[in-house]
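Same chain, two partners: chain A is paired with chain B first, then with chain C.
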Partner chain A sequence: MADEREATVSSHDLTAPGPMELGVPGFSPTATMVDAELAGLEAREGLVPAVSKRRFKSLGWGFWVAVAIVGAWILVAIFANLLPIPDPNSVDVNCLVSTSPSSSHLLGCDTTGRDILARVLFGSRVSLVIGFASIAISEVVGGVLGLLAGYFRGSLDEVLAIISNSFLSFPFLVLALVMVAYVGRSLFDITLIIAILAWPILFRVVRAATIEHAQRDYVLATRALGAKSWRVLTSLLLPDVVPTAVTFGLVGVAVAVVGEGALSFLGLSVPAPTATWGNMIAQGSTSMTTDLSLLLSPAVAMFSFILAINFIGDRLRGVLNVRHGAL
Partner chain B sequence: MVAARRILEGLATVLLVCFVTFFFTSKMPGSEAAVICGPAGTACVRHESAILYLNHPFFERFFHWLGELLQGNLGVTLAPPEPIGSVIAGAYPITLELIIYSQVIAVVVAIPVAMWSALRANGLFDRLSTTATFATLAIPVFIVGPLLALVFTVKLPWFPGPAANVPSLWSDPGQNLYVMFLPSLTLAIGSIAVYQRLLRADMVATLEEDFIVMARAKGLSTARILFRHALRPSTFTTMTVAGIQVGSLITGAIIVETVFALHGLGSVLTAAVAAKDLPTVQAVTIVVAVFYIVCNVLIDFLYTVIDPRVRRGRRA
Partner chain C sequence: MSPKRHVREIIDREDRPLLQVENLKTHFDTDHGLVRAVDGVSFNLARGRTLAVVGESGSGKTVLSRSVMGLLPHQRVIREGRVHFGDVDLTGTTERELRDLWGAHIAMIFQDPVTSLNPVVKIGRQITESLRHHLAMGRKDAKETAIALLRSVGMPEPEQRLNWFPHQFSGGMCQRIVIATAIACGPKLLLADEPTTGLDVTVSAQILDLLNRLQQERYMSMILISHDLGVVTGRSDDVIVMYAGKIVEKAPTTTLFRETRMPYTEALLRSAPRLANASHTRLHSIPGSPPDPSGYPTGCRFAQRCPYGQPRCRVEEPPLRQADSPGHVFACWYPVGTPEGLQALETNLAHNESAAVALVPGEAI
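Presenting the complex of A and B:
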């Protein structure tokens, strides 16, 4: 409703002379029709958000809780060094005597006397940087290739489909480990490795969405009017596939975080002493008989993040009407 | 015909994996010879290079290596030098057993749960089991594994803890299956969730078919209807997904082996990556690729056995 009113006002401004001077929006039937058309155009051009506020209201409170959790983790990752917590790599000698929680170490210490809370909070940096950065890279690579393959089809599409299929069919962790062996395991290396493994998923999703949208009437009409491929791709198809790319990208972030966690757990992600959720879980699982906090704290942290971001992706997919079909 | 094509495709993939890993291994700085010799000096490097065929052009080396591979010579691990073939031969039974055992557990659990859920769709049991599977799908194996180990080896000492000695399946099957149960269950959890959901959905659809109504009208017992009439036509989606699952099972097996300190292919690969032992990484990757492709061809074959429509459709 709100969008329509806004659109009416703006089109009113555009068509200022004529009956509109009376100051009554939608004075004549023709004016309303023009308004409606303009509103449609504007929605398509992205001037007005395509999703109405009412649809966002239907997201439910659970969605906003999930957004708050993800937002909190992002803030923690950015401002971890400003928080009133000890240095994650400093050893507290008192803590070596008793690793149980105390006022100075809320979650206790690990077996080498480092503060668990600080390590969990700092550990979010590795997970979140790798999760978001690798998916951002694969969004760009997979998205662009998916748009091109879905729009032009032909041999480009076939070659890319074969490449992405062979990436997707092979066991994820084996490929990741092989690449760690050949490339290395700095933060940058791991981000790149996960991006290389993740782009085929986004490629397939964007390609499928592009194929679906490219057959719609307004695209065919624009092409019939003689629009260049570049214009069709950037101003019609790109906005259409963004909801698909974003919702699947969010799920991709969760998958990337779990993937990094798996590598970390095997001790083959970012090297020690940097804290990661995965290497903390690995450390915690060796000492779980004596101290459960070291295992549970990073596990709960990772679980809360992946569950929240999965939930956001899932709800958005419902609201933005992204279809699973034709993948 | 279809099987032949699948096998050819599989061979092409294996060849590609061989070529890519060989290419990258050969491009790595520091030759294998230098690693084997350590500080022993240039004479040693020259000697080892000759043995390893390192002085020849790239393609000549590739085909020489491929020829050795086809004769079963997978090369030698770096420090300590051992034939990779025997390392893999010692490790693969654990991984294979883990994967097969987990699938047996998954099927044994998923089929009854899915049937019971489908029989009373949207009932209490259905909603409970669906929620439970949704939750288990979200937890990564490396969190489930340690927690299961904690509960069932420490709090309730029903099973031997990680690093338990695993006797051979052939010499002491009972003890072997007992020790391997918890690791296999850990790996099975993801599969149970996937199979339960797919099987339930298909089963709900099958139970509305005419032939089920007919079977009911004939007065057959519910158990007979479920197992003899409804099960087979409900398994097609699950079968297809089982094929896709093999990849994630291998991924899961690597982690489970680390959690339970089992000496399988996954731990060989992990150790080789940590030590930058590229020949071993290369060999394990190729073995995994072959295994993966063999599994997929087998499942394709199984599919035609279970679904007569596919069999006839493909022949026509």
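Presenting the complex of A and C:
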């Protein structure tokens, strides 16, 4: 049976209409020799949408749930002041009697009488802004330097490698503490500090991807056609390294949010009374034995965001075929 | 043409060849020592002619072609000698200036067609890019030219194919696209570096015929690099046989096959399967492997593997010398088909030299 099926397939291929029969205008007889190849060509054509559809499906429903969670947090961060919640810094005297949840305070109040739900939702602003902005800065800095170092190599590469390695050789938190002491604690300062600490990782990822792609024949072929280095970098290598940079960047956002949380927990991020997930956890940990909700609410918020964004990065890495060992 | 993107004109005089290569050396300074990939190669190539470069893997063919073009790594490369292309001295030109020549006047086709195309860019843009860059064509003109080019390389329905990505084409079709890209700006010199290695035999013949036709139609000069002497037969005017970075024999194609002088060429010819042979005839192979390019032996570099090898070969390096036919040179002390060569072979046979014994026919299974 299998033989029979194979036979019909191959005879179909052989009888596929050649360019002459299709009446392609301006076709010279020399083109008839490509008939057989063309048959293979048509067969491949049918495959293309199927492949991309399968790719789309292979992301799985979990991916879309994760996207929904991250999307929801982004919307909350943007529109927090439009939500029907109390001001995160206003003190409700009723709460001083009882901090447990009520109709006016869905998650209850903290020990100073501020609404926990409002503080958790407003706290997302600090975490998300720092998470996304610091990684965006390091993507640009690390990405550009990584492309240049990976393509030109030589002394530029060596100097940048030494700089990035010396950054990476310090423990994250220790370096962050030192920089907070010197730079400051505003939202902008913390974003900048995390960006300074994160760019070496993205630099190394992009550099590795660039080196790998720069060895491919089409880069040489494009150079052989007289393309300038700038053109090779922007139109060939940049699109090639973007998937790698984006997937590692997403994981980077999660790490940056955790990093901000750690600083915040130590009281070294954006100063009080601004709500951040980190300083809420710190506050909640003091009353952990009596009231868990003050600790759990910000922790669950941070956990859901980090898990979701990690999941997105991981799925994308699988689908975009980014090598895990790129770092 | 906008004045900003000006393609330099090449003055190509009738009285001298388009490409003159004199004593070209290309050495790589590696951690394992100095690798002498190309070690003093000279040849001329006239307009409209095809020169084949043949040799084993590692004989320096690819490095030779890239060195002629100037497309070498930036660091730890030593390039000596002279390359004249028309009135331009390619050896004394910066890469910035070379870039104006690359694609516009000199183009190259690489071994693997599938990897020579950018996987994430539609082929239409890949072809029109150099037209727009070098010839400053408008979007519409470039598209029309690309369609005409694709048609000339035998691509059916080129209008639609422009919007396809490389992975939608077979290897043979990809090589046609690569060729269309290479000839887009009408180069005077086309370097084809084993253009059919990644393709199967029938497609490979089609691609070679296509290259031949385009070369004649467009009056291009072509350097066809191959490890297969069969590929170059009938498709080249002259053949250079390379071994260990040097030219060991150079002749017009028919002369090379009829009056082979260099034992290495003879060995290569014997290593090719022939239709006239009975089935199951054992193919000849050349014993041993090419010498390490970071430390060549003294004397003739082929001596260790040569069935004609004599003590003199291991001491004194044979220079390129003129054979009977015009344009035929070879480097050998005991050439094939001469009394000296025959005597050398008999001496070796008498001493049971392995390289010589392997040459004797009738050892078939």
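One rule holds in what follows: the second predicted complex is superposed on the first by the 274 of 327 C-alpha atoms of A that agree within 3 Å, B and C clash if a C-alpha of one lies under 4 Å from a C-alpha of the other, contacts with A are read in each partner's own complex, and residues count from 1 in each chain.
To be clear about the criterion, a contact is a pair of C-beta atoms (placed from the backbone, for glycine too) under 8 Å apart; a residue touches a chain by one contact, two chains touch by 3 or more.
Note that the structure is predicted; figures quoted are calculated from it, not measured.
Enquirer: Which holds for A:81: it touches chain B only (first), chain C only (second), both, or neither?
Expert: Neither partner.
Enquirer: Figure out whether A:100 sits in contact with chain B (first) or chain C (second), or with both, or with neither.
Expert: neither
Enquirer: Determine, under the contact definition given at the top, whether A:186 touches first (chain B), second (chain C), both, or neither.
Expert: neither
Enquirer: Which holds for A:90: it touches chain B only (first), chain C only (second), both, or neither?
Expert: So A:90 meets neither chain B nor chain C here.
Enquirer: Taking the superposition as given, does A:171 touch the first partner, chain B, the second, chain C, both, or neither?
Expert: A:171 sits against chain B, while chain C stays out of touch.
Enquirer: Figure out whether A:306 sits in contact with chain B (first) or chain C (second), or with both, or with neither.
Expert: Touch partner of A:306: chain B, not chain C.
Enquirer: What residues on chain A touch chain B, complex-wise?
Expert: For chain A paired with chain B, touching residues are 166, 169-174, 177-178, 180-182, 258, 261-262, 265-268, 278, 281-282, 284-285, 288-289, 292, 295, 299, 302-303, 306-307, 310.
Enquirer: Quick check: in the complex, which residue numbers of chain A touch chain C?
Expert: 18-19, 22, 24, 26-28, 30-31, 33-34, 36-38, 40-41, 44-45, 48, 152-154, 216-218, 220-228, 231, 235-236, 239-240
Enquirer: Show me the residue ranges of chain C that touch chain A in the complex, using the header's touch definition.
Expert: Checking each residue of chain C against chain A gives 69, 71, 74-75, 99-104, 107-108, 110-112, 115-121, 129-130, 133-134, 151, 154-157, 168-170, 172-173, 176, 178, 181-182, 202-203, 206, 210, 213.
Enquirer: Can you list the chain B residues touching chain A in their complex?
Expert: 13, 16, 21, 24-25, 28, 138-143, 145-147, 149-150, 154, 244, 246-248, 250-251, 254-255, 258-259, 269-270, 272-274, 276, 278, 281, 284-285, 288-289, 292
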